[in-house]
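Both complexes below contain chain A, partnered by chain B and then by chain C.
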Partner chain A sequence: MMLLLRLAVRNARRNTVRTLLTALTVTFGTAVLTVAMAWITGVFGDVLGTAADAAGHVRVVDPDFASREQMNPLYEHVTGVAARAEAIAAMPGVSDVAPRIMTGVSVSVGDEIGEVFALAMGAPKAYYERRMRFDEHLVEGSIFPGQSPKEIVLGATVAKRAGVKIGDDIVLFGQTQDGSMSPLRGPLVGIVHTGTAAIDQGAFVLLERMMYMADIDDAATEILVFGEDRDDAPALAATVSAAPELNGLTVQAWTHREPWSGMLAIADVVRGILVAIVVFITALGVWNTMMMSVMERTSEIGVMRSMGLSRMGAVFLFVSEAGGIAVLGGLLGVAIGGAAARYLEVVGVTLGEATTAQFPSDIPMKATLYADMRPDIAMTAFLLALLMAAIGSALPSLRAASIAPVEAMRTGRR
Partner chain B sequence: MKLTALLVLLTSTLSWAQTPTADQILAKVDANMVSETRSNKTKMTSITPQRTRPPFEMAIMAKGADVAAIEYIAPVRNKGTKMLRTGTEMKMWDPESERVSTISGHMLRDGMMGTDLSYDDMMSITTLRTAYTSTLKGTEPCGNGETCYKLELNAKTASISYPKRVMWVDTAHHIPLKQELFAASGMLLKTWEMSQVTQFGDRWYPLKMVVMDKQQQGTSTVLEISELQFDVPLAEEVFSTRWLERH
Partner chain C sequence: MSLVSVVNAVKTYGTGEAAVHALRGVSIEIEPAEFTVISGPSGSGKSTLLNLIGCLDVPDGGTVRIEGRDVNGLDGSSLAALRAARIGFIFQSFNLIPVLTALENVELALQLAGAPAAGRREKCAETLTAVGLGGLLDRRPNQLSGGQQQRVAVARALVKQPALVIADEPTANLDSTSGTAVLDLMRDMNAARGVTFLFSTHDPKVMERARRVVTLTDGQITADEFRT
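Let's look at the complex of A and B:
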């Protein structure tokens, strides 16, 4: 075994240029893979994480609301939300419950209606703090300080378009559940800038105010339920849906709701395709090197086979050589790719708010996207480098093992 | 034989001579529907498949074709809300915002308080003879056994809310008992039916109207008019911003 390993090392050192080229191929492939996986994980993870936090790990709605959600029918609401929310909060695995109402409004500071449009949200203060993380995104003022129940917080984009400042008395013109014009007037107490177009174009009030606007008492269009981990949402949904208080209502995990269920599937497919392409191209490079190595050393293989080297020994010799190159190239690739991914994790890539504003409001795409470089990505990329070497060296190794010793020795003399 | 033929010819000629032109019919419709001033109370009930809403009750004062003031009396949530329409602009004051807001442009064609009527429908009266060219399409039975002139109206300008109307005007009182209101594309937007035609001096006016927005599914709005007075003196202040802000 040691002899074969020494032979593998010697073979690798025999043609340093070729070995170096092979190692660089593996390095390049591994680096690309590392960056790509970190980027996909970062972008999709960020979007899905924000979406799950904003939309609830689990959501309880009226079935008719769910079927006509695009129309946002305020009259298809869940009644008795206070009692239902209390019952849900007492369930195991539930860490937060937030009834919520959303509707379109126009924001007015003067006497003209219809100049600036926003997506208005009514929810408990705790939801804005813990789930929307408004404290982290506050650029001016404060988040519902409690001076008045009529306080309003605006997204930065809306605030800029409306030309309002903290302390201004603003009016949100929305509609009741029946479609009557329904204004809400209150002082602007805070401006948030999250970098997510859908949120920065929002107007935020406390739940009771939105109930007044929609003209629905003790009711909300959605009850959002949160667990400790968003990945546990399906199990949490199963627990919540069993509650007798929620009979007749639709309970869904965020992973089973569009557009996120589709996005999760797309993320998996994109990741799979990308990995397959990089592995294939890099394996091709390794295969090329190993094949040349086998062809160059056919007579040498013949001598070794005639001296007693088994077929498996010949396979092991070439796989070891490829494995050694892959370890070196893989480590270097993970280091280079990891550094690049880390850069993207810190600095990110800015798409601009004009671009992200084009996305549907239920996809919270941020203006700046970041990678997410994690140890498991480095480990996966390194293991895939070894896989590339194994695939790339498999064919040459089998060819080397299948050469008859006598035939192989003649090859060198031709 | 010759005498009979002469009589038939004479009768048909007289009959033709008695049939008014479309323009004459429209002039009579306008004479009934448009007034110098008007005040009334209106109960507006919106019927939707989803739920029953409490009806709106309002006091309306109108001057000419496009100046009108509305004050909501009920339900409690809307009590005190005022709307003032002057020309193409509408201002609103409501107890929640305590502010006069201006509604203009396309919003005037939105459903008023979520009903099948737009702000334009409720707060302006189109003088049909001025706004449309008309064609008489004959007579048809309509309403509760009445006979109606069927008219087709096409707007003279593009700014009219309903570029095309088909209306059935009763031959007795010249009230459009039924109207179909179309978009420029020919799509049916609304139907508007009028009934309980009552005499007020030398004019007739319907005290009940049913409007159906055909873009909505299964909705209708019923207007029931009471305390109707025409050509009464109305204070100029009623049609001012100061009236809106007074509460």
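Let's look at the complex of A and C:
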């Protein structure tokens, strides 16, 4: 076995230029895969992570609200939220519960109806702090300091468009659950800039104020439930849905809600297509080299077959050679790709808020996108490099194995 | 029991009008320690007969037995195992593995024969020394002359102590001096170790030294001469 391995290594060194070119093909393919997978993981992970944190790992809503969510029917709310939230918070695996109401408003200073529109949100202060991480994104003022229950926090984009400053008396014109105009007045206490267009175009108040504006008492359109890990959302949803307090309500894990479920599927498809294309193209390069090697060495293989080399031995010889090239190219590719991905992880690519503002408001796309280079991506890319070699050397190896021992006699006379 | 027993072997390549009848009912017995030449013009069936006896191919009809074992019913891996253990080959073009040293080329044959690693290299070195290449163990084929390469090929064939060595035109690519030296070497091995050699050749020098010359013509044995 060792001698065959040594032979495979030396065979790889016979035509150094060709072997190096093949290794570089694998290097390029592996590097592209590393960067692409880190990029996809980073961008989709960031969007989905922000979304899951903002929209709840699990959400409890009225079934009619769920079916007509695009219309945002405030009258299809969940009643008795305080008691229900308390019951949910006591369940195993639940780390946070936040009732929430969202609705469209215009923003103005004074009594005039403003021309700046925003998505208004009413939720507990803890939700803004722990889930929206407003304290990390505060650019001015503070987050609901508690001097008044009427305090308002604005996203930076809205604040800029409305031309307001900290301390201004802000009016949010929204509507009640039955569609009547309903203003909400309060002091602007903080401005946040998250880099996510959907949030920077928002207006934020405490839950009780939003109940007041919507004219619903002890109710919310959604109850957001959080566990320790957003990836465990389906299991958490199963736990929560079993609660008798939630009978008749719809319980959804974020992974099963649109647009996130669609985005998860898209991420998988994009990743799959990319991997398939790169692996296929790189495998073609490996295939070309190995096929040439087999054709050049027909005589030698015939001789070894006549000496007793089995078909599997012939396959082993060429797969080992391709495997060696793949290990070399794969390691180099992971190193180069990993460095590039790390750069994208630190520096990122800035699309600009004007660009990200074009995305639908429920997709929290940040202005600067970052890769997420993780050890499992490096490992996956390296394993894919081996897969490229396996695919690329499969047919040539079988061709080598099919060389009859009698070739030794035939070619031995040349 | 004969070392090799071929009975009424038939081999045909192609079909219909394009069919080539390479062997037409050949029968031959080869005893241990023979030094036998198969001669005949090109296309007479020499190589086909060697392929059958070397277990590189199987006949379309008739039987081939090696040490009493019928090879017709053996599958590819069993034939490979039989070749690896009992048959050595020497080719006209030497056919050494160019990236392996002389020692490694010989060792490869032992490894393929399933010999244990312990003592393998020493055995190969001894065999190479026996064929006069004791000082050239680490040379690669391109660093050896044609005669030296063929000596490595002889060592490669002999190292596993086969029952039979098949040599296909072993002197055809060598100059007269080297050819004679290689032939002397094989003759010595035959005499000293009792190894059975079966040649195919046109070389009169080889035929002069053979103890038996079998002549094939159009796929049939037309002469079988034993010499003393």
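Going forward, the second predicted complex is superposed on the first by the 403 of 414 C-alpha atoms of A that agree within 3 Å, B and C clash if a C-alpha of one lies under 4 Å from a C-alpha of the other, contacts with A are read in each partner's own complex, and residues count from 1 in each chain.
Please note the rule applied: a contact is a pair of C-beta atoms (placed from the backbone, for glycine too) under 8 Å apart; a residue touches a chain by one contact, two chains touch by 3 or more.
In this text, all values refer to a predicted model and were calculated from it rather than measured experimentally.
With the C-alpha superposition on chain A as described, chain C and chain B fit side by side in the combined arrangement. Of the two partner chains placed by superposition, A:258 touches none, neither chain B nor chain C. Legend: residue contacts after superposition of the two complexes on their common chain; A:406 is shown touching chain C, with no touch to chain B. By the touch criterion stated above, A:108 is placed in contact with chain B alone, chain C being left untouched.
After overlaying the two complexes on the shared chain, residue contacts for A:11 are found with chain C alone; chain B is out of touch.
Contacts of A:171 after superposition on the shared chain: chain B is touched, whereas chain C is not.
Residue by residue along chain A, chain B and chain C are tallied for touches, and C comes out ahead.
When both complexes are overlaid on chain A, the residue A:300 reaches chain C alone and has no touch with chain B. Rounded in steps of 10, the angle chain B-chain A-chain C defined by Cα centres in the superposition reads 150°.
In the superposition on chain A, A:136 makes contact with neither chain B nor chain C. In the superposition on chain A, contact is made by A:181 with chain B only, not with chain C. The gap separating chain B from chain C in the superposed three-chain model is 82 Å, by closest C-alpha atoms.
Touched by chain B in one complex and by chain C in the other is not one residue of chain A. Of all residues in chain A, only 73, 75-76, 108, 111-114, 171, 173, 175-176, 178-185, 212, 215 touch chain B in the complex they form.
Only residues 47, 50-51, 54, 56-57, 76-77, 79-81, 83-85, 89, 91-93, 95, 97-100, 104, 107-109, 111-113, 117, 156, 168-169, 172 of chain C touch chain A when the two sit together in their complex. The touching residues of chain B, counted against chain A in their complex, run 46, 48, 50-51, 53, 77-78, 91-92, 94, 96-105, 107, 111, 113-115.
If you check the complex, the residues on chain A that touch chain C are 2-4, 6-7, 10-11, 13-14, 299-300, 303-311, 313, 404-406, 408-409, 411-414.
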